[in-house]
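What follows is a single structure, written as structure tokens, with notes after it.
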Amino acid sequence: MAFKEIELNMGPQHPSTHGVLRLKLAVDNEVVLGIEPVLGYLHRGMEKLWESLTYVQVVPLTDRLDYLASLSNNLGYVLTVERLAGIEIPRRAQYIRVVLAELQRLASHLAWAGFMANDIGAMSVLLYGFEAREEILDIFEEYCGARLTIHGIRIGGVIHDIDTGLVSRIRTVLTNIPKRLADIRTLLDENRIWKQRTVGVGRIAAAEAIDYGLTGPPLRACGVAWDMRKDIPYSSYGDFDFDVPLGRNGDVYDRYAVRLEEIGQSIRIVGQALDGLPEGPFMAKMPRVLKIAPGEAFHTIEAPKGVLGFTIRSNGTDKPERVKMKSPSFINLQSLEHMCKGNLFSDVVGILGSLDIVLGEIDK
Amino acid sequence: MTPFVADLLIPVGKIIAVILYPMIMVMVMIWLERRVVALMQGRLGPNRVGFQGVLQPVADAAKLFFKEDIIPRQADKRLFNISPILVMFSSLLAFCFIPLGEPLRVGTYTLTLWIADSPVGLLIVLGLSAISVFGVIFGGWASNSKYPLMGALRSVVQVLSYEIPAGLTVLTVAFAARSMDLVEIVRRQESSGIWYGFLMPVSFVVFWISAVAETNRAPFDLPEAESELVAGYHTEYSGMKFAYFYMAEYAHMVLASSLVVLLFFGGWLPPFQGVKALAFLHAVPGFVWYLIKIMFFLYLYVWIRATFPRYRFDSLIRLVWKWLIPLALANFLAVALVRFLR
Amino acid sequence: MSGLRRFLRSFFLVDILRGLAVTLRLYFSRKVTVQYPEEVKEPARRFRGLPRLYRDGNGEPLCIACKLCQKACGTNCFDIEGKREAGAKLMRPVKFDWRLDRCSFCGFCVEVCPTSAIRFSPEFRMTGVGREPLLFHLDEMYLAGDELQERLCGGCRRAR
Amino acid sequence: MPADPADRPELRQTLEALTARFAGAVLAGAVEGRELAVRLTKDVLAPALRFLKDERGFNAFEDLVVFDNLQAPAGGGARFTVLYRLYLFPGALRARVSVDVDEGEALDSAVPVYRSADWAEREAFDMFGIRFDGHPGLRRIYLPDEFEGHPLRKDFPLAGRDRGL
């Protein structure tokens, strides 16, 4: 009887594809032979839309890229525009941006911890992760009024100032998160079922990871110390000291461990930023209508999912000629097939979860 | 006691009781599961329908009753319709052999708290609970879609491989009690003064793990792994057929808990029988103790589900063939040796 | 961790028991559920709820139909026409169409409005029973609270 | 944060090595801060990328950007400018290799050199219609395969075409 592989369709409506991703799997009775991701279900034509909006009007749209880390998208786009237009940002605004970006990284990693654990079966961790994240969303709501599509960072600075009341509330949140994190770690770190599902699964070597263009936690899990906040510091990240957690053998467990460590580091950064918050304006002097002379700029930041980059080309008007976004999830998803080949079907869910992709950012 | 009452009314009454008993337990289980998992996750769970959500299962059942009953187009109609019945039938039938307490003396008539008591009651219950595997296979196959098929295949391999350790540990109990009759086993535990759960802890642990696996419950819920197979073998079912699968799963859980309680924790016996000081515990009827013990194990089911991630298929099979079966065999030899030397 | 200690820990199911201990402890912990609609979590002061037009102290509409908001809006939700009454100093809006289903709550209109006529209200109940009620006309821009809910989804029976 | 002013000597050497290796093909080259910008002719693209990766250590492929020069024609007057952004880890250096392509012309695919260029090139094809020879599976990545036209071109109407759907 000739061997015929099953073509299994996972998505675009599937409980664990983190959005509208469709995976065409070639499966031989649960062993994965090949995966072909099909994209475009959430394609909104962002880059075309951006070409018809002014620089300032594009910022709220960048919220909708990685909708779990909207402040990071804002920061990435805004820094590129500022480099293109040569705008100098007051130090207080840079520090507030670091506070917001790192809080956003905490929220994104906590949401990810919940999703990944739920994909592998530990359903309670989803609630614990979201409960911790809820406190951060309350901070964002108090700071600028929105919880998910926050649009709190503007070209030239930030939307509001941080008053002492908000600073103390952020500090209490920073003390609560480690407690919730400790629960998650006790539940998962040493658990034998968790280890069987994650150790050695979806392993990728450092050289292959760089060749596949992996960035962010999945790359650092292979032991490659590439963190844009350290390599090309931006928005005064150089003033803070924090370490870059690294894994050893680049499997699902190391990606899990690296992200949980990063939560600890982000708490350190926010603490230092709040301690050293300089005085001064929180917004640079901006013209009413921002017109930028023809030119081109490329800038990258360390978003929670990986290296997020923007290329902007200006043509002298108040609307960008071309804005291209380099999305970390888009590039990281390419290595999914390499990691999943030969594994079992249930590992695909775990590996996809460990890559922490968001379809808004992939489909643009 | 006219024969009319003795031979007709009472048996019919008992049969109705045997059907109602699992139904009520299933209703309790549905509520318990949703509440306990919720409370463990820092939320309240259903508390709108009835006092503290007690009527939620009734609401679910009514909803499912009125929901449209979809049969996929290319599904194999006959198999598709039979499987929920098979799954439900096997668990209800097994309840006939579960004794709930010592026979009651009502005037001259002794009311036995079970439908049938056979010298091989244990084997019959195990055999009947294995029939539900057919329901799962037919359901998965007849749905004619890939996910249910994978769910069904996984379930077959899982349930069959966990039958072996379950069977071996049950044998050790039969060995110790020198009988397969469930009532006899409980009486034997009473007379020997020690419950087999404490006499043979290894048997209890292995049997408990196999019971969790056989009922496809977390962390062994691969056949219906929501995050992988969407809903496993009952993905294509809806309306009352889905309700059957849903209730059958809980019925099997209650069945497995009753078996654990009967075999290892002395069924309806009050705890600490030997201790004279606690003799007043005997006043409480056997049936209440039996319920308390079952509720503990049902709580344990839900507790485990809220805590642990899900096994991967090969690690689950490796667990049973490399760990549980050798352990069960070694334990069986040890018990046999002890029995022989004594 | 030495091999023996790791074996003992795994044989006596230490990781399993510690996991169960966590869920048991959380079983008795404080619950975070907010019983909406009986309990309502107060939105923050700067909460970006439904943008509303406001009136000044003595009931005069603040909006002077300068259409700055219409220009600033990225998703062009506004369609405004103003008219200057004979003898009046300021223009008044005659037609003020605003589309809730296009609004992305970016807040540019609120920032750019010279008389802060349009501001975010704490209203977060914005669901309607059709596309038509999501198009607000001039007088409906001043609605708030229950009349607003009546306007948005009047049809459904409110569980009051 | 403007790029730090110190020009990196290694980049200068790379530029010289590149111009020596591909004599006539390097149309323009400059080192600015941590970034080397080079404009090449179409045919030396693939060997140049191979050279930059193997000999000069640019081991990571960061991004592929396509500009439509319909309104603002670049120096060469070609319709599209395709940028390959490379990254040197751990030195944190960048290379910007740009090539001009006219409508209908094809480029050599960079996938044999950098595996992660695969989807980036498929996206460039989907959005601009630039074909890459040697690409393992050049298909549209976002839009359905039967979609005609390339949306990110300047002459594609923003509101889309009325297909009467």
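Think of it as A, B, C and D in the order they're written, each chain with its own count starting at 1.
Throughout what follows, a residue touches a chain if its C-beta (ideal position, glycine included) is under 8 Å from a C-beta of that chain, and two chains touch if they have at least 3 such contacts.
Values in this document were obtained by computation on a predicted structure and should not be read as measured data.
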Report summary line: Any chain touching subunit B and subunit C at once appears in the list A
**Report entry** Maximum centroid distance from subunit D, chain identifier (CA atoms)
**Finding:** B
Query - Which of A-D and A-C has more C-beta pairs touching across its chains - result: A-D
Query raised in the report: What is the distance, in whole Å, between the centres of subunit B and subunit D, each centre taken as the mean of its C-alpha atoms?
Result: 64
**Report entry** Mean-CA-position distance for subunit C and subunit A (Å)
**Finding:** 25
Requested in this report: State, to the nearest whole Å, the distance from the C-alpha centre of subunit C to the C-alpha centre of subunit D.
Outcome: 43
Report task. Check each residue of subunit A and list the ones that touch at least two other chains. Result -> 124, 128, 131, 187, 191
Query raised in the report: Residues of subunit C touching 2+ other chains?
Result: 16, 19, 22-23, 26, 32
Query raised in the report: Can you name every chain pair that touches?
Result: A-B, A-C, A-D, B-C
Report summary line: Seen from subunit A, its contact residues with subunit C in the complex are 53-54, 56-61, 124, 128, 131, 134, 138, 141-146, 149, 151, 160, 183, 186-187, 190-192
Query raised in the report: Inside the complex, what are the residues of subunit D that reach subunit A?
Result: 1-2, 34-35, 59-63, 65-68, 71-72, 83, 85, 89-90, 92, 94, 96, 114-116, 118-120, 127, 140-144, 151-152, 156, 158
Query - Parts of subunit C lying in touch with subunit B, wherever the complex brings them together - result: 16, 19-20, 22-24, 26-27, 29-33, 35
Report task. Could you please specify the touching residues of subunit C with respect to subunit A in the complex? Result -> 10, 14-16, 18-19, 21-23, 26, 32, 43-48, 72, 74, 104-108, 120
Query raised in the report: Inside the complex, what are the residues of subunit B that reach subunit A?
Result: 37, 40-43, 146, 150, 153, 218-219, 221-222, 225-228, 230, 305-315
